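Please go over the structures that come below.
Heads up, the next two complexes both have subunit A, just with different partners, subunit B and then subunit C.
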Partner chain A sequence: MVDFSRVQKELQECNKDVKISGISVKPKADSLSHLIGTIPGPVDSPYEGGTFLIDIVLLDGYPFEPPKMKFLTKVWHPNISSQSGAICLDILKDQWSPALTLKTALVSIQALLSAPEPDDPQDAVVAQQYLRDYQTFVGTARYWTEAFAKTSSHGMDEKVQRLVEMGFPEALTRSTLEVVGGDETLALEKLCSN
Partner chain B sequence: MEKQEEINSNPGADWENFRDDDIMLQHSAIRDEQAHKILFLGDKEPLSALAAEYQSGSSILLEKIKLLDEKYCAIRRTRGDGNCFFRSFMFSYLEHILETQDKAEIDRVKVNVEECRKTLQSLGYADFTFEDFFALFLEQLESVVQGADASISHDELVERSRDQSISDYVVMFFRFVTSGEIRKRSEFFEPFILGLTNATVDQFCKSSVEPMGEESDHVHITALSDALGVPVRVVYLDNSSCDTGGVSVNHHDFVPCSLSNDGSSGLEINPYITLLYRPGHYDILYPK
Partner chain C sequence: MDSDDNLDYYDSDYENQYSDDSDDTANLYDDEEDDSAVNPDDNSKSVKTFTVLQEDDINKRQEDQISHASLILSIPEVSASKLLYYYKWNVSQLHDEWFADEEKVRTAVGLPSDAVSISGTDELITCGICFDPFPIEEFHQMVCGHWYCKLCWKVYITTSITDGPGCLLLRCPEPSCKVAVCRDMVEELVAEEEWGKYRRYYLRSYVEESKKIKWCPMPGCENAIELELGNDLFDVACLCSGTFCWNCGQDAHRPVHCDTVAKWVSKNSSEAENTNWILAHSKPCPKCKRSIEKNHGCMHMTCTPPCNFQFCWLCQGDWREHNEKTGGFYSCNKYEVAKSKGLLDEVEKVREMAENSLNRYTHYYERWVANHKSRDKAIADLNALETGILQNLRDKTLESEGQLKFIKEAWEQIIECRRVLKWTYAYGYYIPEDEQVKKQLFEYIQGEAEAQLEKLHNQAEKELNNFLEKDEADFGVFRQKLVGLTAVSHSYFTKLVAFFETQKW
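Up next is the complex of A and B:
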């Protein structure tokens, strides 16, 4: 059995200081065993400005069993699968304790965004890029944040569309936008100077 | 899920895709298998049952068990799931209270429990993270006092100690108390922790005290004994022998600082919790 009275208290506690932390947890539907968490991308990271949604499933036995968490928002990070959103973090596995909460778990995920651990990767491709070509990693992570984690990111296709209409090839437009982190003006300058 | 089935149907074929989730599933499968073999808390067994385990084994151990036989009459096993120290402590303590009906001890330990609650609050733990565990322990403590509606018999105590929804909650209560005590007196515990793991006090509490299933060391025992003011004797049974070739059984008494520092040094402290330690595991011992 999930301890729902505790989950209820956790939601109240977490959403009390959402204005300061930016971190919130809400039930996905009527059930308290399926929740959606929200974390803001940390400042001074390629995820800054993004809002990341986390899918949270509470198994029977919570808080003795860790919450199952994965990213719903696509994210480019060595410890998060770029395909499935699976997260590699010890406190979501054997280092979980009932002394932790959904909020502290989300805070730890936010900290993981700031401080990747490429030596213990979830996504090997991202981890290799992080280690071998850090600048490209930062550019890609920023582009993904722009493309998938911003409310305005639905505009990405339109940006591509506008540049394509100016006469630039679509593939080049996309990769250029990626490099400059989705900034349309910078992309145009770059495309013109080529 | 698809991946999991693949691994089950063809073990070892897909190690590259063997993810953390799969490893966790495997761990819990192994734990479940263990659970069917050994209860959280076993029945009281004569010491001869211990000797039988080593019949074809080390002669040093057999000699030591003979020595144990002079002082102790029985052993009660606990499940080897990393929580054995806390489960042994829980049953031993509650059984002692049930048998002695020592009201003064109950009042005394309650004061310490409230102190532990304040410690956690002052360390910044949110109340809802620990209050259920505290409440459940206090409920067990009340229930072993006879003469009330909620009183329980010895058999019921054994039964409850085998009930996961009670036993795990009490284990977690002890883990909170232990962690709080270590953090509160971090300067005292720091050198011991550094000797064990090279971790900071905070890291140690987060990774080796607060998660379920993390084994207990002398740091945990010292902290729990100090926090609750309950002395513990640990009897060591291992393959070591003296240089002279003779065999003896060592024990160590964990005496809470509140008892050892109050100047009444003339009084000999006789712990009523006695645990048998074999490398990696604690069981309960019963003195003659």
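Up next is the complex of A and C:
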């Protein structure tokens, strides 16, 4: 059973200094076992200016088992899957300790954005680009930040939901929104012209 | 035959190689009596190159090493137990590093010399895991001074034990703190079942971290075998009566090399589909064609009345041709491609070649399996002998137990010979076709040894039954013959093994 009393305390603690850290955690719906974390892209990195959403699922053993975390916002980074958002980070696996918290895990993810570890990649394509052609890597990462992690691209889920309610398939809606950079009106036009 | 000259050479050499001597190492093995079940007496006198360790033995060794280290390093036993595990039971390395730089070792292992002083307080303390405030009594205090309540500690350690042997390296939950969780704390905090698991992992580490101890691979057996240093004889026998090669974990296969065995075993699994039919337990009688299931150990088959045809199970030829008296020496260990040449067209030749290749393999495989099964049957027969037949025989002959020991010895010899013979067939398959002289010599020695074994097996099996069933047979003659055959078989197989161990091909 997830220790909800601890999760409750964690949320209060984390959201107290959200103004300083920029890191926040909120329940996704009514349940405290599915949460959404937010981290600002670190300064002096290609992710600067972006806001990244992290999907957090707490298993029954939490906090003795690590939380399951993945990026909801698409991100171009050697240790994060550009497809699924899966994160390769030791403290989310064998190095987890119950003395760590959701906040410390999110801080570690933020640090990972600043300091990629291309020798231990999650996304081999990105890692190869990082090692062989760093300039292009920075360009792509910055472009992805602009396209997916800026405020304009946020609320993507709501946009998708609204379009799906109009009768468009979810996968198509999502990819169309990505193509037009999250602009709902343009996406609708495109979907209708198909 | 030119091989006769070579045989003298083996005679002079084999005693050092296989049979006895070296009494100085014979007592390395504690449980001589239990062990004799599968080894002929002569072999059990040979160099003892390994020691069987039972759970209690391993436990005792661990505890001895722990108390010794505790004494030498002047530290509590729980700390010594942690250190020894960390150093993979390498006592000398532990001593070297400890006396070179004690603090460095303490830091690496997580056993700080000074504890953080904790003064009693009436205020509530917040647990670092559940973040709930408790009075100080609810906490388990660690030397590092990090505060976690007893319940959180319990779940923390239990979760780690459930995850596997990594729990033996468990440290304080605070990520920056390397202080080790010692076994006294585990015992105090977790439930009986988890403590049992923890102890088990600790026990197993002694075997698994060791370079000279391995678990017995027999199903359900929990013993371990320790090989003596500087020894290259890998066949070992566990107290569970399983025998295996310490080096590769396969069935005991001396004198054949581990490489040959590995090749052979993988060949068998890849050929399994082709050879499934061989595994079928029955063959038709070559004369009357009725199906016969082989449930006796030796290769001499007699069809049931009225047919009564006697034949060789391996080649299905008439048994009379397998008798020296009739001039036809026992020769079905040889594989010969007996084909008249020049009469076949090309297509026919290709088909022939494919068939020959399979036949050649089948020849060796069939004999390998037959000896394997024969050995299993002999083990079962020996078991039956010890649990019942021997008693019958004592009642009948009025001989003492010691007087009847020769029957047991004969069976033990049969079991060992079947094992060696089995592996020589795997070896025979890999002798290159162009090494004809060596092949012939090998097959000659193998054939002689096999013929003797068949006689011995037949005597032990059929003649003993005859004696039990008929009253007029002379037990003295039976004894004399069986003892003689046992000795001769031993000598032939010693030669066979020596042949392998002096050949470098």
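Side notes on the structure shown:
The rule is short, and it goes like this: the second predicted complex is superposed on the first by the 152 of 194 C-alpha atoms of A that agree within 3 Å, B and C clash if a C-alpha of one lies under 4 Å from a C-alpha of the other, contacts with A are read in each partner's own complex, and residues count from 1 in each chain.
The working rule: a contact is a pair of C-beta atoms (placed from the backbone, for glycine too) under 8 Å apart; a residue touches a chain by one contact, two chains touch by 3 or more.
Computed from a predicted structure; not experimentally measured.
Look at subunit A after the overlay: subunit B and subunit C clash there. Contacts of A:72 after superposition on the shared chain: neither subunit B nor subunit C is touched. Here subunit B and subunit C are compared by how many residues of subunit A each touches, and B touches more.
Contacts of A:93 after superposition on the shared chain: subunit B is touched, whereas subunit C is not. Contacts of A:64 after superposition on the shared chain: both subunit B and subunit C are touched. Looking at the shared chain after the overlay, A:138 reaches neither subunit B nor subunit C. Look at A:3: by the touch rule set out above, it reaches both subunit B and subunit C. By the touch criterion defined above, A:172 lies against neither subunit B nor subunit C after alignment on the C-alpha atoms of chain A. Of the stretches 2-10, 146-154 or 218-226 listed for subunit B, only 218-226 runs into subunit C once the two complexes are overlaid on chain A.
Judged by the document's definition of touching, subunit A residues 3, 6, 9-10, 64, 95, 97-100 lie at the interface with subunit B and also at the interface with subunit C. Of all residues in subunit A, only 3, 6, 9-10, 13, 64, 86, 88, 90, 93-101, 122 touch subunit B in the complex they form.
Across the interface of their complex, subunit A is touched by residues 19-21, 24, 27, 125-126, 128-130, 132-133, 168, 172, 175-176, 179, 206-207, 210-213 of subunit B. Here subunit A touches subunit C in the complex through residues 3, 5-6, 9-10, 61, 63-65, 91, 95, 97-100, going by the rule given at the top. The touching residues of subunit C, when paired with subunit A in their complex, are 128-132, 146, 148, 152, 155-156, 159, 173-175.
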